[in-house]
Amino acid sequence: MPNPAPAETITLRTDTLTRLARASTATVATLLFKRGYQNAFVQGVAPLGTGRQTMVGPAYTLRHIPARPDTDPITAFRERDHPQRVAVEQCPEGAVLVMDCRQDASAASAGTILLTRLQIRGAAGVVSDGGIRDATGATALDMPVFAAKASAPTNLTKHHAIDIGLPIACGGVAVYPGDIMLGDGDGVMVIPRHLADEIAEESVEMEAFEAFVLEEVLRGVPVIGLYPPTEPDTLERFANHKAQRGSKAD
Amino acid sequence: MPNPAPAETITLRTDTLTRLARASTATVATLLFKRGYQNAFVQGVAPLGTGRQTMVGPAYTLRHIPARPDTDPITAFRERDHPQRVAVEQCPEGAVLVMDCRQDASAASAGTILLTRLQIRGAAGVVSDGGIRDATGATALDMPVFAAKASAPTNLTKHHAIDIGLPIACGGVAVYPGDIMLGDGDGVMVIPRHLADEIAEESVEMEAFEAFVLEEVLRGVPVIGLYPPTEPDTLERFANHKAQRGSKAD
Amino acid sequence: MPNPAPAETITLRTDTLTRLARASTATVATLLFKRGYQNAFVQGVAPLGTGRQTMVGPAYTLRHIPARPDTDPITAFRERDHPQRVAVEQCPEGAVLVMDCRQDASAASAGTILLTRLQIRGAAGVVSDGGIRDATGATALDMPVFAAKASAPTNLTKHHAIDIGLPIACGGVAVYPGDIMLGDGDGVMVIPRHLADEIAEESVEMEAFEAFVLEEVLRGVPVIGLYPPTEPDTLERFANHKAQRGSKAD
Amino acid sequence: MPNPAPAETITLRTDTLTRLARASTATVATLLFKRGYQNAFVQGVAPLGTGRQTMVGPAYTLRHIPARPDTDPITAFRERDHPQRVAVEQCPEGAVLVMDCRQDASAASAGTILLTRLQIRGAAGVVSDGGIRDATGATALDMPVFAAKASAPTNLTKHHAIDIGLPIACGGVAVYPGDIMLGDGDGVMVIPRHLADEIAEESVEMEAFEAFVLEEVLRGVPVIGLYPPTEPDTLERFANHKAQRGSKAD
Amino acid sequence: MPNPAPAETITLRTDTLTRLARASTATVATLLFKRGYQNAFVQGVAPLGTGRQTMVGPAYTLRHIPARPDTDPITAFRERDHPQRVAVEQCPEGAVLVMDCRQDASAASAGTILLTRLQIRGAAGVVSDGGIRDATGATALDMPVFAAKASAPTNLTKHHAIDIGLPIACGGVAVYPGDIMLGDGDGVMVIPRHLADEIAEESVEMEAFEAFVLEEVLRGVPVIGLYPPTEPDTLERFANHKAQRGSKAD
Amino acid sequence: MPNPAPAETITLRTDTLTRLARASTATVATLLFKRGYQNAFVQGVAPLGTGRQTMVGPAYTLRHIPARPDTDPITAFRERDHPQRVAVEQCPEGAVLVMDCRQDASAASAGTILLTRLQIRGAAGVVSDGGIRDATGATALDMPVFAAKASAPTNLTKHHAIDIGLPIACGGVAVYPGDIMLGDGDGVMVIPRHLADEIAEESVEMEAFEAFVLEEVLRGVPVIGLYPPTEPDTLERFANHKAQRGSKAD
């Protein structure tokens, strides 16, 4: 079956995550579009709060199916192997906990206490296409959290955590464990792991070019011929711009 | 974790499926409601065609996540272990193939050829919360098929078959392998396997009572006092009614 | 408050319902549009079954609000004053039972037994923006039933019947008790009671004209100038057409 | 009919509202879930503005049905008994005005002027599953307002205020007059009046425990064994924690 | 701008439409998917009625924008240049009238009279992502009609016909005038005109193969190795199958 | 055809835009409602950011249809006549760029670079019923931007810019070139150009009255009799209020 190679077989370059952390999701969306990936933006989620929104890290997945009275009594969390609690305690440092809630935010998928534990354990962030409860507390965290909305009901109301580490859907996008999750003010992009190195590399030049274009626009240059650079001298000016910035970039 | 016991550990009484085949989904919905199961009706699916719609059998599950260019090229089906094809060839006789398509019917989850193969292999039916292509052919089958709607695009457009035999969501309901799927003109109910025997048993009396009530209503009896039977003589008349039918029932 | 006058204060002409029974919902929609009524079509409902679909009669209303565990136990129907059962037993002969289910068809609002009782009691039809359970039985009735779809779960799952005879919403339209409900293959229109006489009267001529236009079109006349009749001789031909039919109309 | 007892027959303990004002909607959602109330969160509404969001008080209900040209001319508000205006002038001090707009926010249900009047009259807050116009002004009020979104069109465009003081639906939840509405940053919970005392009482301990857990998490304690407190010494530490805080709590 | 070449510059092979008329939308969807066209199925429309559903022909487009009181009075149709009436009188013989109603079926886009006129004028069919009024009459036509649903309100209620012959959206898909519309029981595919010849050609072989596969499946052959034909002897058997049918195909 | 007169034939009074800039969308919605315009609020868009939100200017329209692989390759923007780029360079000073994205915000319709160019060129604002990418940058602009939400994917993913200067739909409302777009914290109203002068004129008095009413409410006056001013002395007090403000108004 043409599934992606397992994450552990795909080593990333050491600078890939750093480079991606300087890229916007818009840039990455364009680079993925070029490669035929048209459905890589997690639909329906936004950053909670207005604090730090830049998030980058490999996906650590938690899947939910609909709750049922026999599987989701209020005592469910007393089980030491409840997948939600296990995920919170085992999500690797630097990873992003990605939760599949079938885009149903009528109940929560986590709250401030679990999110705080994840932050302390060094998670890079959380993405859920369900709700977040006690969201005011969550927005005060330093760790970025992307979710559909605030939602007070406990996850037991709607979501039964069923397994960890499987490929899932989140916001209408396939997420394989180890895929790179990139978040900013626009939302979250899923970068297939085997493409992360080349996307990261291309993003450096592309971000530099976008910064140059914005400067040009701010000084009054029209966008036709500039963006994309179909006028020959645009690329020349960009070369100068880069030369001037020199060591600053990357 | 409070998951249901595995299907293989829950043996059904020999008459359970036969009894359920004579029960309506409406009756089963009420019996499940009594036990606190309020979310057991597969939302958004209907029988294709107007032929045989009564379906009963244990769930055999196939899960899809969103498609991606690397995992879903047109050549994907050439792989002998493609889960969709494997599911069609391994779904046990008498079982119902239940497919999780995240309630997205903008593409198909199967077509006439695969459905015909399932019928020939003795499947009891198919339930999908995605689309069915070549649906005119599918409606002509003897095997009941419940789906969201006809949809021409190949599943590769939207759905990547990822695994078989795991608990899934279908139409907003949890389906564990081995749960009993019951379908009729109203749609499909999911009966948790550990409740199937007792639901089947109770359904016999309840269907008999509903038949009695319908007869009473047809001869002009008001529903208050009759349905439910709060008038003392209603139960008496029902006893007579059953006595008369005698051996016919169950 | 500018509410409509109570139904009992608005007497209908004796031929109004008969005339409306010969009008299509499309014709009535146009006549209401002329008077500024742009939101009079019950959205999201269709006739169950393919039998008789022509329905006309004054609205008798039943309102539901969301269910709650304390108000909707399985024993709820044992109460003799349960509004759903009372509505079924008190809906006047010739009236249409109209149910407000907040356009939520994930559960039923009635089933075959209650619908059969309504038919026997002489109701003119049923309109629900919720579901109908045991719908195969319902489609076999002679009384027209318009609903969102078949849905097996008991109404207790989602809908608490709360009162009878109040103004309600159904399919996004205001329905005041006594408003005239007209149904056919297109669905259901709500005619404000104070307009019913004049709508009925105008519909006679309009239906006659539509029949004439269809004949003209079938013999090859272009629609421009014919429909609407901006060519002077169109009205002349229509006059002849009517003269020929003579006593047949109305 | 199994309706809740009338509000006036259910007296609340004097400290119930004060206690609830210190509880989060998430805590209350869990306490209601324990009692089988799975649908008590008003879906689709959020606090307007970022100011005070804590709201608690008994529900005072206003119901709307769809507007119609005869019932909703621009002059409608000139009637002294227009239910919206009456509601604004009669909503009791300390009560929450709850409006049923059928989850349709394409038009407003109130604006800054009426909301200001409610604040001056001492209302505890407003909940609407419709829109709010002139929302910038509304966000500056001290009184919390929960609604679907800002929406400029006058309510006459879509909503006809029809009655006051009846049980309604709001955001998909049943609201009976006198039920306790609790709002915070997550949204709004509806507490059935007959449960308010016991929910309030339990919330004191639960909030104390959540505060203790958050402290523990912040100092590095894993959540398994802590939350819920399945490790024996967790409860011991909690006892110490409470002893230390002593008189501070409640 | 990379728009498609105008329809009049792309001549079709004489057998293209005949071949497509024998192809299913499912087959064409797969052939388009192979070429990267993943969004070519008109979402949300279905054939009205159960009669002839096979439709093929070039698109003739009519665009609507939302109605307004000044542009859509009841007298609007009296104008001889009203685009809807003009479209009905000028749609070329053999063409398919495709209407953009912004996927809003709360009002109609046409009714039986106009559809009958189109049939008489030789149109190949009609596709609308809005409603159809007087739909019972429409289902009795010989000309296939694909629409969202029956809907009684006149188009003036919601849709203002604004122009003819421009590229439009229909059911979420781009339709350029002259694109080939193919309809059957599954719905409608849009074939970009410049691909029609090659899609038609490939469809002949593919339909033949699908027919062969169905026969094989009916005689008990498993789908793995057969569909797609990865077993070497599958293609051999298919060659024999075709040889036997000989002149029957194409 | 009853289309509006072309924008160039309708000259506005010189003070119309200034007056509208002081009016709220709520006020304008009421004034349009009075004239029968019930669908003039752009549904589903909100101001990006919390900065300046007051926007007024004539509409300059850009229409999109769904993207296709042949029309929307990544190189599409290299064409000097790409309508999106042309629109950005030709949108007149003081005009509002209004984009029809079929209410699909799963991809962007513009990003910070193009929006900055528009600001520099003197556009009065932007309205899109699609997404905005790089939205954090966009929220920092001085020019108001109203859109459905932040969305990282390039417009090529979903939207093909097809033409400029035609009547379009935006957020479910008809927008003719030259119609006056008014935006504030509630969202955006579309004022038909031929009504702009009289709406502007009436808004002056109405805003003055609303300001007076708010003052009255703040000092404790009940709304009944005040708003609308059915008490005779309300108008008297308003006259005094205006006399006192004197030259301040308009």
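So that you can tell them apart, the chains are marked A, B, C, D, E and F in the order they are listed, and the count of residues begins at 1 in each.
Keep in mind that, in the parts below, a residue touches a chain if its C-beta (ideal position, glycine included) is under 8 Å from a C-beta of that chain, and two chains touch if they have at least 3 such contacts.
Note that the structure is a prediction, hence the values are computed from the model and not measured.
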A correct list of chains touching both subunit B and subunit F reads A, E
Overlap of the subunit A and subunit C neighbour lists contains B, D
If chain centres are mean C-alpha positions, then the most distant from subunit A is chain C
Chain-centre distance (mean CA atoms) for subunit D and subunit E, in whole Å, is 50
Chain-centre distance (mean CA atoms) for subunit B and subunit C, in whole Å, is 33
Taking each chain's centre as the mean of its CA atoms, subunit A sits from subunit B at a distance in Å of 37
So subunit E residues touching two or more other chains come to 36, 38
Among line, ring, star, complete and other, the chain contact graph is other
Full set of chain pairs in contact is A-B, A-D, A-F, B-C, B-E, C-D, C-E, D-F, E-F
So, in the complex, the side of subunit D touching subunit F is made of residues 74, 77-78, 80, 85-86, 88-89, 106-108, 111-114, 116-117, 120, 133-137, 149-154, 156-157
Per the touch rule above, subunit A residues touching subunit F in the complex are 24-26, 28-30, 33-34, 38, 40-41, 43, 46, 53, 184-187, 189, 210, 213-214, 217-218, 220, 222-225, 227-228, 230
As the complex stands, subunit D meets subunit C at residues 1-4, 35-37, 39, 65-73, 75-76, 79, 81-83, 102, 160-163, 166-169, 172-174, 192, 194
